[in-house]
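Next up: the structures, one after another.
Heads up, the next two complexes both have chain A, just with different partners, chain B and then chain C.
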Partner chain A sequence: MSTATFRIWRGEKGAGKFQDYSTEVSSGMVVLDAVHRIQAEQANNLAVRWNCKAGKCGSCSAEINGMPKLMCMTRLNSLPLEQPVTIEPMKAFPHVRDLVTDVSWNYSVKKNIAKFTPRPPDAPDGTWRMAQKDADRVQEFRKCIECFLCQDVCHVLREHHMHEQFVGPRFLVYAAALEMNPLDQADRVPALRQQYGIGLCNITKCCTKVCPENITITDNAIIPLKERVVDRFFDPLTKLFRVFGAGSR
Partner chain B sequence: MAEHVTHEHDVLVIGAGGAGLRAAAEAAAAGVSVAVISKSLLGKAHTVMAEGGIAAALANVDDRDSWRVHFADTMRGGQYLNSWRMAELHAKEAPACVRELEAWGAVFDRTADGRILQRNFGGHRYPRLAHVGDRTGLEMIRTLQDHDIHLGMDVFMEYTVVALLKDGGRIAGAFGYDRERGRFHLFRAKAVILATGGIGRAYKITSNSWEYTGDGHALAYHAGASLMDMEFVQFHPTGMIWPPSVRGILVTEGVRGEGGVLRNKDGRRFMFDDIPAAYANQTSDTEEEGWRYTQGDKNARRPPELLTRDHVARCIRREVREGRGSPHGGVFLDIAWIKNRIPNAAEHIKKKLPSMYHQFKQLADIDITVEAMEVGPTTHYVMGGVRVDPDSQMSDVPGLFAAGECGAGLHGANRLGGNSLSDLLVFGKRAGQYAAGYARENSLGVIHSDEVAAAEKHALAPFERDGAEGPYAVQHALQDMMQDLVGIVRQEKEMLQALERIQEFKLRASRAGVSGHREYNPGWHTAIDLNNLLTVSEMVTRAALERKESRGAHFRDDFPAKDDKFGSCNIVIRKGPGGEMQIRREPIPEMPVELKQIIQEMK
Partner chain C sequence: MSQVDVPLVRAQFAQTSRRDNWWMQPLAVFLGLSTFIVYSTWAAMQGDHYRFGPYLSPFYSPELFGDPVQSWFGLKPAWIPAWVTAAMLILWAPGGFRVTCYYYRGAYYKAFWADPPSCAVGEPRKTYLGERSFPLILQNIHRYFLYLALLFLVLLAHDVWKALWFDGRFGIGVGTLVLLTNVVLLSCYTLGCHSLRHLTGGFRDRLSSGPVGSGAYDCVSCLNRRHMLCAWLSLFSVGFSDLYVRLCSMGIWRDWRIL
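Then we have the complex of A and B:
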């Protein structure tokens, strides 16, 4: 057992300050363990979200030494403990209290994305046939645990606050999972261009770097969707076809 | 009385895991107004932790499977204490519920001919679990969540219910608070569905998150509903044990389904040493046959690692107790060994068990494709819960329904892996359907302001106290005690001691104070939840004392054998007129001949 210092943001609705807490740390601990110990022993009212503590639910997102991470999956032995470990709430969402932010915007964005719309079943028993290869592509996106760390680091949201014009990487991944699902028949390409604001993404790949599920957000989801938008709206040949009523998706 | 906001709906669903979301979908589709109360954010419930799959006799991988086999497996696993009617409905309706999930957007792993793939699991005769790698629960909850948000229901995220409200004998609504502001809310509803999950937080070592404090169990109890089977708490055999901070995190049974084996420190596959008579015909004699089973050989029988969870957990405990455990007090679970059997084993393991691979790599510095894992039992699930009508899921309080883990009946003395997710779907759907029906036939009940005032006073009490001790200290002490005295192996002397300790903890809890104000204050929330934990701990202990035999997940050192006297009854709990906890034995209804016949045929 040794002692380490955790510099935790305390306060409400954006106002607040860092407060230092020293606590015992032991082998194998993660940041969330230290936060829990501080909460149980020194600060019962320290506000923090968490659930599964196993990297599966995406509740305990925070910025640890400035890096957006899940607290439950950040081992203390990956951090320099000779200096205080800073823990702050995410910055792209309104602050509530201590480490908790108001992420409700994400839930309202999702509602506006056209839902899964399958083609008629392939078999009389109401089931479909799908190759594992096609499932693989969609399953990568469906690994998302909705931790919203990708939203937190996206410049369009974090620095430019364009929450009204841009759905953010999480919901481009969500749209990709629907668009690339071989059973789905809805068309989200016009919405991607207009309401979802895909053009605002300038492919800096910050989202991909912070994804705890290692989803290749930019290369596998966003760029192929951008290509669909370009093919539909900006490709001169397709445009010509569309004029004569032979357009394709 | 302080202020509160009033909401009105036809059906109120308390809980937003698999059962709650499925119930809400069904009620909304029936055309009634629906509210869902979620203790955490939407999509974070314990359902996301389910890894292995959804049990349903689709017969995609082995065409010998059918609802009859699934029914017999479930009853055998539950040691025949199950509600046979629920087991029948579950086995018959699970396949349609899985297909429905696919129609709502779930993307399951596929067979070579493009259908939903199924895998082997403990206690299931044939490969039966529809799955997505080892993250099936996430797929399920996300599919339900994304489906529900388009159905026009009101979702209240980060709200907690502290009391159910009644009008005479029937349900009238619920009273609770929102975490962010700490404001009180009154939910008037014609029907209420409890879907609050389990009680894992009553124990120190658990796979459950902070939410699982037995809220639905305690709410139903105080509202006058009966509960049953509370002595049956499932200790999942394989939780992580090292490093200490990850102790209890689940290691999916899917590891064993894919060929993983359990060994003690001498390298012995100790599961071969003790095979229960009821399973002897279905269990392989040799390591070779066990391996062939995991690789889909239809003529091979399952390896003993895939015996039921209660049995595997006790075998692990035996090895550790008798000094044959691993360095940190567990046993070894080895999947890496399959490299001797198949090419590209490392890639295969990463593909089939991706989150296990990451979990061990990140949290324990262990590469499971190279080394064995250290595992030991962890509190995972409670078979007991609110006693319900098998068809409608209504409790004995009119208008109050329960589905999923907080309901009882389907699993009997022990739940089979994979039967939980299918339980959520089948009985979530039924609860939603019948609650909507009840709501259509009944008007809103009258709210009695004294009940509301009492609930509010109770909720605010922790702020009035200046006790030196906070709620966390009491909670931790309770968890240590339950782990020690009412754990995997029980005896009367220890459980009587546990009852005394629970009384002490009640006193301590009634004095524990909290600081700060009502806005997003986890100390306050913990103080409120602690009351529920104490209620369910007492239920588990009293029911376990009453069942003087060993059966399924309930094992008594002082009564180590099964006793037929207890094989035909459930232990039922109810709040007595003086507020005392009443325990009684109730005979299980006679099973119809056709179902008895199925069980005979499948022996």
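Then we have the complex of A and C:
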């Protein structure tokens, strides 16, 4: 057992300050374990959202030493414990209390994205046929646990607060999962350009770096969607090519 | 789209709680790209020492006007100003391919424009337009530069072929290998392009039913996963190839013959 110091943001609705807590830590502990120990022994009123402690519910998102991470998946032995470990709430969403933010904006954004619209079933029994390769491509996007770390690190939301014009990487991944699904018939390309604001993404790849599920957000979701927008709005040659039937989806 | 009800706090420039050396990567990108831009601009303005024996610098290939025998169209016509070199006539194409490349865009937005300086680090400006309005909306022409870059690959491969013949006899010099390595690295970079990945099948929802199967898409995707590495290696190799030919032409370096 050794002692480590955790500098935790305390306060409500954006106002507050860092407060230092020293607690015993042992091998195998993650940041959430330390926060729970502090909550149990020193700060019973510390607000922290968590659920599964297994990196699958996406509840315990926070900023640890300045980088958006899941507290339950950040092992203490990966951090320099000779200095205080700072733990802050996510900055792209309204602060509620201590480490808790209001992420409900994300749920309202999701409602605005065209839902899965399957084509008629392929077989009389009401089922569809799909090649494994096609399933694999969209399956990557379905690993998302909606921790919203990608939304938090995206500078369009975090620094420029363009929540009204940009859906953020999480929902571009969601749109990609639907748009690239061979069974789906809905057309989201005009909305990607206008309502979803894909042109605001400038490909910094920060979302990919922080994704705890290692989804290749930028290369496999956002850039392919940007290319589909180019097909539709910026490339007359491709338009012409497709008029003659080549390159259908 | 939905809005958030509570005002959020905006960070000051370079404000962050990050403990790591977050400034290292943008600084390295800034220095790397700046070095290349300065050298390539200088080399393009020289207008000489771009040929040595059968070697032609990639900065000057294809040579449209210049050498009366070896250039495509002979001597430079009088209507082209004297300060315009053969390199200036063609470098806009590969340059445009790199400037509009998805990897480089993300890299130079950070390194040159601090937009953002690094992930989760405060920015210097409050306004942001992204790539949806002029001038950055022009980045969408990347695929047209890709078509030109593919053509340049063929031309540079032809230069390697010509670099195998010394006064009509087959041979291999160190310069041949330098030019060959350059073409291989440029091919890895160009053929791993995100736009090419889209055009070879990514635009389809059914990858498995592409006109050439999914093989081309898989190959491009494989290279695409190493796009950043290939971008830097090919940037270095194209600069080094010019430097090699230039120094050999100036008599500073000697081109060793292997065969």
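Methods note: the second predicted complex is superposed on the first by the 236 of 249 C-alpha atoms of A that agree within 3 Å, B and C clash if a C-alpha of one lies under 4 Å from a C-alpha of the other, contacts with A are read in each partner's own complex, and residues count from 1 in each chain.
As a working rule, a contact is a pair of C-beta atoms (placed from the backbone, for glycine too) under 8 Å apart; a residue touches a chain by one contact, two chains touch by 3 or more.
Everything numeric here is computed off the predicted structure, so don't read it as measured data.
Trainee: With the two complexes overlaid on their shared chain, look at chain A and say whether chain B and chain C clash or fit.
Mentor: fit
Trainee: Between chain B (first) and chain C (second), which, if any, makes contact with A:75: first, second, both or neither?
Mentor: first
Trainee: Would you please give the vertex angle at the Cα centre of chain A, with arms pointing to the Cα centres of chain B and chain C, as a multiple of 10°?
Mentor: 140
Trainee: Considering only the touch criterion stated at the top, classify A:19 as touching first (chain B), second (chain C), both, or neither.
Mentor: A:19: touches no partner chain.
Trainee: Between chain B (first) and chain C (second), which, if any, makes contact with A:5: first, second, both or neither?
Mentor: neither
Trainee: Give one of first, second, both or neither to describe whether A:51 is in contact with chain B, with chain C, with both, or with none.
Mentor: A:51 sits against chain B, while chain C stays out of touch.
Trainee: Regarding the shared-chain residue A:201, is it in contact with chain B (first), chain C (second), both, or neither?
Mentor: Once the two structures are laid over each other on A, A:201 reaches chain C alone.
Trainee: Determine, under the contact definition given at the top, whether A:181 touches first (chain B), second (chain C), both, or neither.
Mentor: both
Trainee: Closest pair of CA atoms, one in chain B and one in chain C, after superposing: how far apart in Å?
Mentor: In the combined three-chain model, chain B comes within 12 Å of chain C at the C-alpha level.
Trainee: Indicate the residue numbers of chain A shared between its chain B interface and its chain C interface, in ascending order.
Mentor: The answer is residues 102, 131, 181, 184 of chain A.
Trainee: In the complex formed with chain A, which residues of chain B make contact?
Mentor: So the residues of chain B touching chain A come out as 40-46, 48-49, 99, 102-105, 107-110, 113-117, 132-133, 135, 138-139, 142, 146-147, 149-150, 155, 157, 180, 209-211, 242-246, 249-250, 355, 358-359, 362-364, 470-473, 476, 514-516, 519-524, 526.
Trainee: Using the touch definition up top, name the residues of chain A that touch chain B in the complex.
Mentor: Residues in contact with chain B: 12, 26-30, 33, 39-41, 44-59, 73, 75, 96-98, 100, 102-104, 107, 110-111, 115-116, 118, 121, 125-132, 135, 138-139, 142-143, 145-146, 178, 181, 184.
Trainee: Chain C touches which residues of chain A in the complex?
Mentor: Touching chain C from chain A are residues 13-14, 63, 65-68, 80, 83, 86, 88, 91-95, 102, 105, 108-109, 112, 131, 133-134, 137, 153, 155-156, 158-167, 179-182, 184, 193, 195-197, 199-206, 209-210, 218-219, 223-224, 227-231, 233-235, 238, 246-247, 249.
Trainee: For chain C, which residues count as touching chain A in their complex?
Mentor: It comes out as residues 1-11, 16-20, 102, 105-106, 109-110, 115-116, 119-120, 122-123, 126-128, 130-133, 136-137, 140-143, 194-195, 197-198, 202-209, 211, 214, 224-225, 227.
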